[in-house]
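In the two complexes that follow, chain A is the common piece, with chain B as its partner first and chain C second.
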Partner chain A sequence: MSRSSGKARHNPLPFIGKQISIQIQMRALSVFSFGLLIFQPAVFSTVGYMLARMAGKPAPDLIYVIIGGGIMGMWSSMVFTSFFDINNDRRHGTLELIVGSPTSLTTVLAVRTFANILTGMVSMLLSFVVVIFLFKFTIPLRNHPYIIVSLLVLFFGFWSIGVFLAHFRVASRVTGQFINYLELPVAILAAFMFPFEYLPRWITWLSNSIPLRWGVTGLNASFQQELILSNLWQDWATSIGVSFIYLLVTYFLSKKVHDMIRVTGELSSV
Partner chain B sequence: MKKNFLGNIRLYLASAWYSYRALYAWQSFGPYISVKIAFPLAQMLLFIFMGRLAGLADPLYIVIGNILLLPSTNGVMGVSITINGERDFRTLPYLIASPAPRAPLFLGRSLVHIIDGLLSTSWHSSWA
Partner chain C sequence: MQNENDIVVHVEHLNKIFYSIRGYWRQKKHPVEAVKDISFSICKGELFGMVGPNGAGKTTTVKMLSTLLLPTGGKATIFGHDVTRDTQQIRPRIGFTFGGNKGLYGRLSALDNLKYFAELYKLAPETIENRIKEMLEVVGLTGREKDRVETYSSGMQQRLHLARAMLHDPDLIYLDEPTVGIDPIGSREIRALIKELVQRGKTILLTTHYMYEAEELCDRIAVVNHGEIVALDTPASLKMRASNESVIVIHTPTENSALQHELANLKDEIVHLSNSTDTVKIHTRNPGRILNSLAALLERQIISNIEVRNATLEDVYVQVIRESTP
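Entry: the complex of A and B
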């Protein structure tokens, strides 16, 4: 509060910095996060490698098996942390304090999810390190900008879904029990570790409603020697468009949470 | 002696049943379905698609491997999550400090998961 003007000055940066720092510290000190970020994607990639060896190939498809494993690690980490953070808040009684604090619930969850995605990048970076240094995979120089844009689009997709899931968990208590419906089924629907064309045609409408499906397709396309830019632009634009739909739904969920509190008159109704 | 023995059996079965029900939050059937059917099926499908990418024509090896994974997942995860739940809800110290004998209490927490693992395996085998 400024004494001279009497106007409240809100600088969100200290809050954002602190929240990111706390989230990263919590993840860094958690064995569960280590399992999600490093161990589980490594197991999936190793299975892919073994399957390729069984089929008589000397090396697996690096983009799908190794980079796909990194995306899988990011996804698992984000989906579990988005849910478990709210679970822990609810269990420790801090969810009411967050909802009732002057900083909006959406801001808190958005920054948290962003921090979780930053942590999830460990998995993605490791997959790049393995592909480039262990398997000597060379990425043509002209593809670099497209890969970076594809990664940014994919991260935005992750963030929008993460914020949506966190709000969904606050709005509904039973959703946490259905986490197993999300982790692997979404990984399959978004085709993290295999070409999207393998999915049966009747399920593609569901895949298309997930921004990650478009983000992953764009990322895979941006690694190809012969880039088809029109397709790439279409993937990016669709991914961003679908992400915004999730953010719009998130906005309504946030309003629903606040309405719930107003109607019941109790913070503990969340 | 006989009364004591029957008491331990009762304790064993009751603790097995309640810990199992608590694990899946059995107020509704959804979580159980998600753990027992949705997750294993999704895992199997993911590996089948990965096998197809690798060039494996026959997914039988992947299907059998995934089915064999089920009882171990039940045994290891079910029991460890149950005990972890006791710690989270701070009931573990009370459990340890209670006069009830520990062997039936803790063995009971594993019994149902073993039976359940076998049932899951046979269910998924018939489905496959």
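Entry: the complex of A and C
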């Protein structure tokens, strides 16, 4: 019996696997992806490194700008690939097929965002390679578990904000394009490439509402020789908490978006 | 008389209004009524056709019935479920294709496309492989399934669309212009596939621009114009509307005044007249009288050829559209 049930799938892994495989196949030969995942973060890291060195910054701050380049790569990858994915689906008529299927739109967007962040991890891994092999920075063994947890927390933050923004991309072509303008403001507000304390105080309330700001601070803290665990725990907890708020808002937003696109007919490009 | 249990699609006074933005500085929302107060039902196992000019509201209707668009007014049910509310009950039971080469991932193989949609339709993992194999065989794409879809011809892509729409074994299938842009042999293959779907007991809503296709396939046809159903009947009954009319096609090398003069004299016998570059088409209830008058022109080679035939479904369609266009 092959008829679909329309109920929740028992095992989501094959769907996640298929979606990731599709995302990779769709851009395996894309020059744009190469630029986004490797070239752009490399430029950010190099420029950041040079600026930090000219300013006479000590080693951890140098690490900060290089790892920040990797985070920037992840962020850009998520922002732009999600944009191109949905635009392509809209143009090729597959967005209608996705929305018209028994799988909820939010599930598809969540899995896609996950796949895009996973692809974006290439930038992060490269930045680690640069830090360890090029700059000979040794990360003490006791920091390793904290760095891994920080990366997972950051990944979760990326995912929550990514799924949230993806709904605006589906909602209409105009709002979808506006999301692209968030690339650099969010990178600055979440202090990807410099310590958060450098931001003016009057803007910090806005930064604090972005889970990535806490995730990045946590990741930076986990690189420090002298770990302050209480601060680290606080960063992780806040990042996860803010991420959950985004997911909660997304839950309510998803129904609104689903109804809205059914009124406006914004699913196809015609 | 339709049995209520056999009704798969039931549409009552369905309406859809879109708003287009006009102006640059002072933007104003302008309502466009894409579908106006349409009502019809489709029974189980029926192949129901919708024909009409571009922008008539066919695709909008299909999209409302596919739960992709919300109606502005009226009501539509699929298997007794409301299209506005019960999307989760309806979606697993319907399949749809939209015409042209849209609706597939060109950079992926047919196999990957089908696997992805099988996942979206939550097919049981153990059945996916067999079901894809079966569908590829049905549409005649076995052996080409590993090729990228972008290398497929339009006909192959359309057959893949059908495989995708059939993958989850839906009871109701919407086919929106399935043969658009396909060569005659490819179109014939698609029509054969559609007939096979009907034989398998599927209910089908087909939209098309091609009258011969509608006539060959459909049990009933709705003619849609400006968002309204202006005629709805079996192909045979629709043709009866023009059964007392004949069509005379006159081939003329150039526009000639002698012919125009003759036709002006015959205006009482002409139901409808249409001109194109080198042909004049006349609908008449009295072909003998017209042929007599034109015989002299044919003899003098003012006109090169005359054909007389019965009115076709296309002629009826043109007549219905003409009468319903303000």
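Assume the second predicted complex is superposed on the first by the 236 of 270 C-alpha atoms of A that agree within 3 Å, B and C clash if a C-alpha of one lies under 4 Å from a C-alpha of the other, contacts with A are read in each partner's own complex, and residues count from 1 in each chain.
Definition applied: a contact is a pair of C-beta atoms (placed from the backbone, for glycine too) under 8 Å apart; a residue touches a chain by one contact, two chains touch by 3 or more.
Predicted, not measured: the structure shown is a model, and the values here were computed from it.
Once the two complexes are laid over each other on the shared chain, residue contacts for A:Y64 go to chain B alone; chain C is not touched. Residue contacts after overlaying the shared chain place A:P195 against chain B, while chain C stays out of touching range.
By the document's definition of touching, neither partner reaches A:I132: not chain B, not chain C.
Chain B contributes residues 25, 28, 30-31, 34-35, 38-39, 42-43, 45-47, 49-56, 61-62, 88 to its touches with chain A in the complex.
Within the complex formed with chain B, the residues of chain A that make contact are 44, 47-48, 51-52, 54-57, 60-61, 64-65, 91, 174, 177-181, 183-185, 187-188, 191, 193-195, 198-199.
Contacts from chain C toward chain A in the complex involve residues 18, 60, 63, 66-70, 88-89, 91-92, 94, 96, 98, 100, 102-108, 112, 115-117, 119-125, 127-128, 130-131, 164, 167-169. Every residue of chain A that touches chain C in the complex is listed here, in rising order: 1-7, 9, 11, 14-15, 18-19, 21-22, 25-26, 92-94, 96-103, 108, 259, 262-265, 267-268.
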